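Heads up, the next two complexes both have chain A, just with different partners, chain B and then chain C.
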Partner chain A sequence: MATAAAAPDLEPASSFLRRRWLSGQLFPYALITPSVAVIAGVLAFPLGMLVWLSLQHYGLRELIAHQGEWVGLGNYQAILADPLFRQVIFRSLAFTFTCVALTILLSTLIALLLLKVRRAVSVVVMSALVFVWATPVIVTVDIWQWMFDYEFGVINYLLTQLHLGNFIHHNWFDNPVQGLGVLVLVVVWGAIPFVTITVFAGLLQVPGELLDAAEVDGAGPWQRFRFVTAPMLKPIFLIVTCLSTIWDFGVFNQIYVLLNQRPSADYYTIAIYSYRESFGVSQYGLGATIAVLMVLVLIVVTLFYVRETVRQAEIA
Partner chain B sequence: MIAPGTAQGVQAGRARTATEAAARVMVPRGLKQLVYDATGIGVAAVMLFPIYWMIITAFKPGRDILTLQPKWFPAPFTLDNFKDAIARPFFLDDVRNSLVIVGVMLALALVIAFLAAVGTARFGFRGRTAFLVMIIGVQMVPLNALIIPLYMLLDSAGQVDALPGVIAIYLAVVLPFMIWTLRGFVANIPVELEEAAMIDGCTRTSAFFRITFPLVGPGLVATAIFGFIQAWNEYIIAYVLLSSPHNQTLTVWLASFTTNHGPEWGPLMAGAVKG
Partner chain C sequence: MMFRKSWVTVVSVAVAVLAAACGGSSGSSNNNSSNQTATLTVWLMNGSAPQSVIDEVNADFKSKYPNVTVNVEIQQWGDIGTKLDTALPGNTPPDVVELGNTLVAKYAAAGALEDITGKKTGFDNSATWLQSLTDSCTQAGKLYCVPYYAGSRAIIYRKDFFASAGVTPPDSMDGLLTVGQKLMDAHKSDPSFSALYYPGKYWYAALPFVWDFGGDIATQSGGKWSGALSSSSSQQGLTTLSNLVSKLSRADKTGDEAKQDAAFAQGHIAMIIANGWEVGVITDPKAGNPALKDQLGAFPSHNAGQTAPVFLGGSDLGVASRSKHQDLANAWIATLTGNKHMAEMATVGGVIPNTTSMLSLGTGINSIFFSAAKNSKFVPNSQNWASVENANVLPDMLVKIFTKQMGVADATKSASDRITTILNGGG
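Showing the complex of A and B:
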């Protein structure tokens, strides 16, 4: 922004004013107006309402009466004092970190692999990725639930056949550590296509001459990736990490469906917890409070990425 | 050790390649390619397996679905599940709804996002940073938490259980990402190209439409695909805000297979294959 925005100030005042009038300093504002109008028009009221709800006692009775009872920060005090909330936050952060790290790592490896394979193979891999990406989450979680079914699931059968142990009638969700492991698998599987395709698109933009030059200078494959490819992909890694963190922190469908719409407290992530408070026990005020806290935690977690992402964008 | 990058180093490198290439490099290279290709096929197979499982389940008769020994191929092959799926009420209605919602939404989103992308990529202005931060920040809000307020908003606009309300919500949800992605594509096209066209006699507008716009084509396609997938697959908003069955989307229709008696895997998978 610095260069672009500061440039007009350096010009003589008269030409500055004329330019502003003629070519229109107002023009860029006209360009972003429709999007601001749509986003603000649809989301401003609900967001304000969410914060408003979080400051009230708002149950089923209040919902019907359209009249909550003002409790100020009471909901926040109640939630922050709840030991369950701390567990949930910790679990969500650990879950998100695991998913994002695995997603970025595996996707980058697959994207790099795509550069190496012959064309026919890369078409096959790409089609597979698009296929997975294009299948609705609500459908894929059903498939996974079916595959991990303790009685008729293909996974248990497969693992037993491969002599990796006796998995007949093994219920993966009895043990939360295993269950969350399965959920990580499902989430990462679903996240890989988008990230891989994005990273791969970025890789194609890295000039081959640069890599050749580095190779001539004696850089090995890792050094070429570390010092040539990775810096050029930095903006892409930033935005992808940022978005993955946002999406994985808010993970809902996978947990809700795989645990038959009744996840036990061991499986509460922040989005499930908020949903349970709102729609499970009809404490809409508390649910809203959790949602607001969730956004605040997310802001803190992604602060660095958002700042770097915006900074990179402004340089470009 | 000879310092890499010096003339000496390059010379030495060349000499080594020349003498040893045939014996040492040629054979492993073919092998290496094979390993790469095999790994690629392996990745594709692992990623596709759940989808494959869905598809073959769709072609299996009920008694072959619930077996302790899964069948890898739909040996007795049946289309009954598909017939079952289509025969369920509102299938065509919901397909049409999905198409209308996504089509209208995408057309609007592409125009609006493109304008904003050009605005933020080509112009510096006061408030640009704030706009970019808003674009990212909006995506942090959990959609589930907004259901009740969104319902109230649509209710006051008389748009509950109506397609325009859902279109507007999808638009607001998909726009931030689309703007961000398109912005990257526009920013990557050098302004110098436009300037060259202007020197050759184009006006600023015609330079933009003749030079930049065609180059953003792939970006528009990529962004449209993303928007399409997001909206087509969205579930919770459509489920809550479109209550009557003839107004729902295909994704909601699919999810309705999971009935109270437990999921009916065959028809469900058959429906999903078509979705």
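Showing the complex of A and C:
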């Protein structure tokens, strides 16, 4: 009796699933499950661990004992009250803004130039860009370090030879503003290839007829770029700006290597600060807290781009 | 603690004599272990022991423990703190680690090192170990490592430059300035010339100036540390140094000492403050300039006929608390620090041995460094000192002073406050 009564209830449920499956409503979820599992494994799990770590006092002793001490939001209170942290956040944001603005501007100019030059020239420029891109960051930063070296650097030598002033024994990192300027140069130099090649690829997709029509209507070069090219490239600009912001906000290698692994507090960006607290003074809980705050700031900063990108995708 | 050294080429007949005289007494006795099977991982720092010494130590160890494989892995100083932090808590940590003497307290206090108090007498010369190194191994009355070797600094100078400028090595701080200025005058035409080359972040070399005038980094009373760099005597020392740097040095005021040997070998420098082993780097045929070999002399820092206390750097050897082969690890350490190989470290390696009984092994230019070590001081022996180092408090303070971004009073005040906070357990 009982089975007879239960059977009619079960039957519709399984056929419901089958119907959904066949009509394609569940199939996409099945397809996406493996990648969601991988992302959860390699991103969500470490991020969760980071948040968990940030809620504990976790020094070297706790690391050896494999057991932290729960402090709730204590680390967050300590960091937010630290005046150094506010300086670091401000410096990181200013540094990121400068780097991203310069990267996008210069890359767009180079990409536009590539459209105009002869094929042989554009091949040479593209190859150079790919070389820059392909060289490991540590290697390039080491070379930059030698070029800007106080005693043996070729930059000081060249500037002096060109009679642009006496740069013998000029210390580029003496004054933090100038030193950060050098770092902006190194970061932007390394970021240009990716953005240029991406924007260039986008430019190739802009229909020639549209530009011709605009020209016939009397639009000058700037107007053609402003009203025809730029709107068509908007999705590309959004994505490269978003990625550049994320990369530049987390800048670490360039600063750490260029300043001999011992950057002074004047050069702390948020990633360096987090690393210092974690591995420098073995306060892993505090370091994790800074890293979590870094992610939060980054989410706020990039929210605009992400929203715009999603909107663009919906329009398309 | 920084011992980036390619090995020194000071070999003397004494090596052979001593090796023969002292051989055979190394190693702690362990009779039933000859058929133990294990793999021992040893972390030594770049340049600490010449490869020939490591090979001999391993050969001697092998003859006692034929079934034990020893892997000696050479580590770099630059990122060693990070590596130790991540490796020591693991389940298969390196069994033996070489630690800079300023780092031991941190790892001992955190429980990362084995307490070897009861095994002390098993090591050669444990009664005559250098006091400062033994102190660095001791936490709350317990021993956590074995002193390995020490290094002290003195001024290395170019004899030919001194002769051509008509000056002789000074015997006081004022004399150093006078001699330096004469050298600067004699090389007026060379815009790269430094009479005393002093990179801004070189804090090891700044400490003698602080100590010389009676100052200190920090003092402890009633279990509380208080930073002492802002005391008037510390400030006096740093003002003296700052004056020397601004008048005699064209070195990078924000740079560190890593390149000073290469710079010295280029020939635009009359004096550097350096470790004994750096003589070998300067005259190295590949990286340095062998022609300088007979042109080097050395003298300790002087103050009115006395020597200033120098910073005694050095290394200790510890056993990881999570090591699964602690007895073997201690036996390996006993072999390396035993009479036979310690004598080689002093003569072939050119470092100051771990025992006062071997200080007479320093010959030639080395004897000057060995004797400088007799009047030496050390950083505050606190588990939090490593954090002071890692937070770059001292280098940052020196850079601020030398680049005139801050006055001596302000810079020392802010560094001293930071040191007080960190040593007392705050971030």
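To be clear about the criterion, the second predicted complex is superposed on the first by the 294 of 316 C-alpha atoms of A that agree within 3 Å, B and C clash if a C-alpha of one lies under 4 Å from a C-alpha of the other, contacts with A are read in each partner's own complex, and residues count from 1 in each chain.
The rule is simple: contacts are C-beta pairs under 8 Å (C-beta built on N, C-alpha and C of every residue); 3 or more make two chains touch, one makes a residue touch a chain.
Because the structure is predicted, anything quoted here is derived from the model rather than measured.
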{"item": "Fit or clash - chain C, chain B, common chain A", "value": "fit"}
{"item": "Partner chain in contact with A:64 - chain B first, chain C second, else both or neither", "value": "second"}
{"item": "Contacts of A:283 with chain B and chain C, given as first, second, both or neither", "value": "second"}
{"item": "Residue contacts with chain A in the superposition, chain B compared against chain C", "value": "B"}
{"item": "Partner chain in contact with A:306 - chain B first, chain C second, else both or neither", "value": "first"}
{"item": "Partner chain in contact with A:226 - chain B first, chain C second, else both or neither", "value": "neither"}
{"item": "First, second, both or neither for A:142, with chain B first and chain C second", "value": "first"}
{"item": "First (chain B), second (chain C), both or neither touched by A:234", "value": "neither"}
{"item": "Contacts of A:274 with chain B and chain C, given as first, second, both or neither", "value": "first"}
{"item": "Per-pair minimum CA distance [chain C against chain B, superposed on A] in Å", "value": "5"}
{"item": "Common ground on chain A, meaning residues reached by chain C in one complex and by chain B in the other", "value": "63, 151"}
{"item": "Of all residues in chain A, those that touch chain B in their complex", "value": "1, 3-5, 7, 23, 25, 27-32, 34-36, 38-39, 41-43, 45-47, 49-50, 53, 63, 110, 113-114, 116-118, 121-122, 124-125, 127-129, 131-140, 142-147, 151-152, 154, 157, 189, 192-194, 201, 205, 216-219, 235, 239, 242-243, 246, 250, 252-253, 271, 274-275, 278, 284, 287-288, 290-291, 294-295, 298-299, 302, 306, 309-310, 313-314, 316"}
{"item": "List of chain B residues in touch with chain A within their complex", "value": "4-5, 9-10, 13, 33, 36-37, 39-41, 43-45, 47-48, 50-51, 53-54, 57, 65-70, 111-113, 115-116, 118-129, 131-134, 136-146, 148-150, 152-153, 168-169, 171-172, 175-177, 179-180, 183-184, 187-188, 204, 222, 226, 229, 232-233, 235-236, 251, 254-255, 258, 263, 265, 268-269, 272, 275"}
{"item": "Contacting residues of chain A [partner chain C, same complex]", "value": "59-61, 63-66, 78, 150-151, 168-169, 171, 173-174, 260-262, 264-265, 276-277, 279-283, 286"}
{"item": "Contact set on chain C toward chain A in their complex", "value": "78-79, 81-82, 85, 88-89, 106-107, 109-112, 191-192, 201, 250-256, 258-259, 263, 321-322, 386-387, 390-392, 395-396, 399, 403, 422, 427"}
